[in-house]
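Each in structure tokens, the structures are laid out below.
Two complexes are shown next, each including chain A; its partner changes from chain B in the first to chain C in the second.
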Partner chain A sequence: MSLDTSKVANSNRATAATPAKPSKLGGVAGWADERLGLATMAKKNLRKVFPDHWSFMLGEIALWSFVVLLLSGVFLTLWFNPSMGEVHYEGSYDQLRGIEMSEAMASTLNISFDVRGGLLMRQMHHWAAMLFIAAMMVHLLRVAFTGAFRKPREVNWVIGCVLLLLGTLEGFTGYSLPDDLLSGTGVRAADGFLKATPVVGSYMSFFLFGGEFPGDAIIPRLYIIHVLLIPGLLLGLIAAHMLLLVYHKHTQWAGPGRTEENVVGFPMLPVYAAKAGGFFFIVFGVSAIMGGLLTINPVWKFGPYDPTKVTAGSQPDWYMGWPDGLLRIMPGWESVLFGYTISWNVMIPILIVPPLMLMVLIMLPFIEAWITGDKREHHLLQRPRNAPTRTAVMVSLMTFYGLAWAAGGNDIIAIKLNASINQITYFMRVAVFVGPAIAFFVTRRWCISLQRHDNEKLLHGYETGVIMRSTEGGYTERHLPISEASAYTLTARERDEIYTVDGDTDANGVVAPGSRVQAVRASLSQKMFGHNVQKPTAEELEEAHHHAEHEHVLEAGLDHPADGHQFDGHSDHTVEDAPLRGH
Partner chain B sequence: MRLLNRSAGRISRHRRGPVAGLAVLLLGLLMTGGLYTVFAPAQAQKAQSDTELIEEGRKLFLVGCASCHGENGEGIATVRDGYLKGPSLVGVGAAAVDFQVETGRMPMAQPGQQAPRKEAAYSAEETAALAAYVASLAPGPAIPSEADYSIEGLSEEEREEAIVRGGQIFLTNCTACHNFNGSGGAMPRGGYAPSLKGVESKHIYEALLTGPQAMPNFSNGNLSPEEKRDVIAYLRSLETTPEYGGFGLGGLGPVSEGLFAWLFGIGGLVGFAVWIAAHTTRTSKTHPIEEGAEA
Partner chain C sequence: MTDSHDHTPAVVEEPIANPGLPAHQWRPTDLDERAAKRAERQVAGFFGLSMVCAILFVVAYFTLEIGDNFDTFIGLGASTVALGLALGGALLFIGIGIIQWARKLMGDHEISELRHPAASSDADREATLEALSLGIEESGIGRRPLVRNTLLGAMGMMGLPAVVLLRDLGPTNAQVADAEKGTGLQHTIWKKGMRVVRDVVGTPIKASELEIGDLVNAAPEALFPTEANGYPEIEGVELQVQKAKGAIIIVKMEPDEIKAGEGRDNWTVDGVICYSKICTHVGCPISLYERTTHHVLCPCHQSTFDLADSAKVIFGPAHRPLPQLPLAVDEEGYLIAQADFNEPIGASYWEREKQ
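Now for the complex of A and B:
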């Protein structure tokens, strides 16, 4: 149903309007639209609305650092030679000249010292990888803390968790490619982890390395995993992640005019195209500054890998730091079963706890949905304080992660803080259990206190800082009501419903099927929501406002500013005079 | 030449002056004494002063060292079996004393897991006296001379080879504790391998030779004197090579890299995200949007 625009006047004046000459750009767009049908798609998507909040841009950091990784990675592949063939290094770096090393290492040195801009690209690639995974994690925390993983976004949460796992594996394979002393030590560790698997360990190790460690197959294999397999999976999953984002529409914070049915924000074009495009350049710039100014992985100092050598400060990149930390604090437990050694000391920190943690992470939205029994869609975010148990669980997991992570740097902590590495290890062995429990308790009570504070603000207004003295000589602080918008925002949350089981048995005393599971669910629901502070009811609000008015009537006799407040902006003495603040 | 003639002429004018004889006498004495010290048979001189030096060192030792190492450097055991207040110094040699005292590790300020490097307590002469005394207890490694740890005498090509060889020896024998960059590392129970940055070549050589504290002893049979020299040459070369990658982040490996990625990288980018989100089409300083949307 297209209009013939050549006959439509573009003027209301007396003289006849002439159709404007179509612009060249319009001509090109028309040509393309007639063949690709872009206009319909663009019309919808260019006007797509996104809400504005800084925390919604954390995932974008990950996306843009992934783009930086693709760009710099392609550059590196042009010179990197993933081969374990032995060569004598004859490049520009004096300290290693003539040393026998693999071609992978030699080409890494070549990129670092003899390819123009090579070292910058190597360091940018490595820094961007660090930022990529870090950004995924802060994005994950934002999603979890705001309850954005509730229906309908559970699947996208799972995709995000898989992206985090793949990003970590991608980082590990990339870190291993230069075949320097540090990465070789890491590959040796990975070999040990494989071999710690009961029964199939040695087979898996031989399969991966094509024989006994190190062999000459591992670098080419890691290379193809690093440049083809995992990036392909990452690209596909990132596409799925973002398509789902577009399909679900972005979540938003509660506020006036924002409901579960709409999205309030700015359109893709021009606002978000500019913001997101600009953010790409910022991420690129930060990676470039880091790559240009901060040394990362100086492979020339490590030298080529040699199983007989090792260096102090051998650590994986930060994202593998927490399993490494668990490994470092794990007591050396082993047991022998039918003549076979079971290495609990490696299995528990590497093969059991990290996959378990990932499973817990993936299951979080499903566990929560099962306890609440909530089948509704949620597009308004929850403030962390309004889900005290979830917030506490996340802080507890973060504490566990952080402690394990710190344990991974125990040697650096020891030399930098003049501490004993043994004492740090003993401390961490206890702290990884006690710390998360303390963190859970403190966070939950903190959230509940904040909820109480919100109710105070709703019922009694905000603290003005104006101290009033009554005729009896008593002092009170004057409270003023918060703005309508703030009150709306604070009350735009649902009341928590605690699930209860009506009764285990029916009238005939027969136990209802599945009632034990339901009882567990009810008890979890009670534990999760039982202590939460619910928002005041309409009657309570009404009552509070009535009370406040009464107070103001009592204070009305004061028709002059409180003494001492004439000049400080706190001279308002009636409610009507007071500007409503955005509290 | 003319200038020389003229000044010679000036001096000549004073040859019959009242102090000329005294001046010539003094000059003659100075030259005799000076030449004697230069050309005197060293052995005779040394033998003479060694006994004095040892005696002087013994006195210093009795005051500053004997309370832990014993009056004759025999070491003092504690009540607990296997623990020492101070180890025996018989046979540790002058090199060990020179290292421990010149780097300030000895005398210890307090008992501890490890004696830290600090300001030296003794002057060079006193250190030499102490070293001479301890060396007199039993044969041990002597203080190395500069020729032992310097590659100055080698040709350009030999120097380069020495550095490359030294690097490999360093990575094989030293990095496990001292780290790939010589930045140091942690040892059990509060001990540590100290940083090698800015440590004098002589002290590194002596440490290799004598194995102070937790460090193993790299005897000449283990690492030949040339190999020790090469390790030092490699470390010196690391100090003179620029940091190609930029700021080195302490040369500590991935831990400090991770710290920077989070603090500088993610910290900065989240800051930018806040900045971008705060600058929106409707935001202006005079009329902030009335929204209660803050977290």
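Now for the complex of A and C:
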């Protein structure tokens, strides 16, 4: 079949631009290049290849929502007054008129009720912050579950983890700024956390608040942290994150023509730039619609901060929920050593476990690389099932996170389910330990059985759903081989190599130096890979195909793939020469 | 194993050989000029809709009032809803248009690019190391440890100004602590003879007016200075600080239900008992009272205290009981404090027991 390609849109295989007639574009580019020398860099990057997959979009949501945060945030700073000076509110919101409150709260109400589009921007800013952190978390999970954090991308993983930490702090400092009753309660709890720090606790509290809580310094200080310090760090780290992404080139899924040595996809200009740029407008537009339709943080309902008041159901923003949950389920342990108070009930859930979890997260690729001893570069993603232990570790961590988060809503759960808050708390105290262990075990076995399923598909083909009746009256399900492309994709993974210690002792029975460490490593490697199902070898495949041919002869009755409509007359196309499905 | 061998990517192409990239498939818009024209009109249509939304935004901005109409439409202001929808539409339609353009009309050939190892070439590495060692050598930093060590020392000492500069962020607790003024973590504004007043209106409370089961959120009278009571003016930061520490709850229960703590036999007045309102966990004001059990629950982290039994912790993450304020009545029958709390109120801190 010949195609008339004359009408086809200009393909990217067009010949290189020739400086025949200086076009307008060429003129501008030339002017710029003579001063900035951009052509050398641009030539490589304008047509840089980006592979396509829906999961690669998650990090993009985080990136674009950060841009939305910058834009809407600048708008808010034009009216927000980060001062704790007391004023009488005289704005449009009736119920609070005449009430004494800080200028921060009054200007927040002013933005909400007296600046057109102000409430929209406030809500967009808050929703974009939610999107920012949620997208970072889901992106992190995608990277971890697919093994994208393996060499050479470990440093980018570390940067990403720090971005998540900074994003969380940025969120906390941001929602504390309006100085409303809810956020003030959160700030007071934070003061309690600071005071629980051994030795320097009360000093830290006094220095941060400029004296005794609440003082009049905390809002201006949080403000400058929120609008300058952390955004500056975020910008720098996001730039580094992107530069490394470009330098390493994006990972890709295995498939026909996609190897460890290449990257297949659309070029930056025009397709990827258009898709990514268009996606920016989508993220921006979605946050605008959310800001317009979905109320978030209605500070006018909470009222100004009053240190003697609190509302039932006080909760921080959702991403702070899991340490808050740990704080709730922690037993009330406190000890006095040599006359000094150590508040385990605050230190463990707030000052120890969250930083520890962050360290575990940061260390994941390094721990894995040490156990596997793998020093090769990895650019093809792994399906989660093909790394059962890693997947199980991640699901285990997610389970811990989820349970701790749920514990942070134990009061809400108790009210909604009409259950006892005490029982829920006791349950959670056990569940945060048992749940992750169960999740680890179930996930690992689940992955391994999925690996086994993949091998079945490779060796015996896929289940057609066609039941064959043999002459003896027995019933079997017909299996048909999967396509070459899918078979290749399923096998495009590495065989796991279990690390073994050789030469534990030398000829004289002297233990080699460092061998105990190596033995630990070998045993971890065994635990990590020992149960995994490896892909079939060439011989096994060969034998299975041979066997299948034999079967087919025995089960003869159909000499072509079955589509399930042989006998009901609903077959709307002939299947004589067509493969059934692109499996 | 050589270093360069170490970096080679994992090979995965067995037991099935890589069939190579599938052939490119043309889209209807590539082959059919009419389909392409249709796609072109769609894209332009989206951009047009975006322009309409932008105009609607301006119209909504100038026509819809805000102010006291903040909840006219599904609990939100008509202005906020209209501006949000218009702005969202204007942005979304640009995004949808561009993506439609990319999907239907831009060239859709997937191309392949070779990767390069993240590491530099061996030659580059060697040259870099050579330059580095030459530079280090020429600086003499290795040969002159005195220079190196004093430089490190000087850099280290630079940390001192950086840290010391932050010292004036705030005073320390020791600097502000004053029992007379009620400042510092270990003191509050409560004093012998100070009346207990209602926390919003500032009126004193007669012990005889309280019914069994009542819980009153109360405050020290000094936070409501009048000419009659003679307390000095207090406002701004001082007021907030004292409010944050002085808040109390008074509860009236059957006198025989109270299990008075050691040495606290005369701290109650006819079944009226008083505790700090500030949770000993991380400092939330507690308030959820269950009169039949005398339990009070902190809404932040659910620490539960038994007010009949010296506010001991019976559930939750708090460790210490709520500090109790010793009560008495003055000659007019109003509740007064016998003294300040005998321990710091609120969250624990390192040197708490030392004070």
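For the reader, a short list of remarks on this structure follows.
Rule of thumb we're sticking to: the second predicted complex is superposed on the first by the 529 of 583 C-alpha atoms of A that agree within 3 Å, B and C clash if a C-alpha of one lies under 4 Å from a C-alpha of the other, contacts with A are read in each partner's own complex, and residues count from 1 in each chain.
We take it that a contact is a pair of C-beta atoms (placed from the backbone, for glycine too) under 8 Å apart; a residue touches a chain by one contact, two chains touch by 3 or more.
Model, not experiment: these values are computed from the prediction.
A simple residue count on chain A separates chain B from chain C, and the partner touching more is C.
In the superposition on chain A, A:D411 makes contact with both chain B and chain C.
By the touch criterion defined above, A:G292 reaches both chain B and chain C.
When the shared chain is aligned, chain C comes close enough to touch A:G339, but chain B does not.
Using the contact criterion defined above for the overlaid structures, shared-chain residue A:L327 touches chain C, although it does not reach chain B.
Of the two partner chains placed by superposition, only chain C is touched by A:F281; chain B is not. Of the two partner chains placed by the overlay, chain B and chain C both lie in contact with A:A485.
By the touch criterion defined above, A:L25 reaches neither chain B nor chain C.
By the touch criterion defined above, A:L36 lies against neither chain B nor chain C after alignment on the C-alpha atoms of chain A.
Once the two complexes are overlaid on the shared chain, A:V138 sits against chain B while remaining clear of chain C. In the superposition on chain A, the residues of chain A touched by chain B in one structure and by chain C in the other are 94, 112-113, 119, 123, 254, 256, 258, 266, 271, 275, 278-279, 282, 286-287, 290, 292-293, 295, 306, 308-314, 410-411, 421-422, 485, 488. Residues 6-22, 26, 29-31, 33, 36, 61, 66-68, 70, 74-77, 79-85, 87-99, 101-102, 105-115, 117-119, 166, 169-173, 176, 183-185, 199, 217, 219, 235-237, 240-241, 243-245, 247, 277, 281-288, 299-303, 313, 315-320, 346-354 of chain C are the ones touching chain A in the complex. The touching residues of chain B, when paired with chain A in their complex, are 113, 160-161, 163-164, 167-168, 171-172, 175-181, 183-190, 192-193, 234, 237-238, 241, 243-249, 251-258, 260-262, 264-266, 268-270, 272-274, 276-278, 280-281, 288, 290-293, 295.
If you check the complex, the residues on chain A that touch chain B are 52-58, 60-61, 94-99, 112-113, 119, 123, 127, 130-131, 134-135, 138, 181-182, 253-256, 258, 266, 271, 275, 278-279, 282-283, 286-287, 290, 292-298, 300-303, 306, 308-318, 321, 383-384, 408-412, 414-415, 418-423, 483, 485-486, 488-490, 582.
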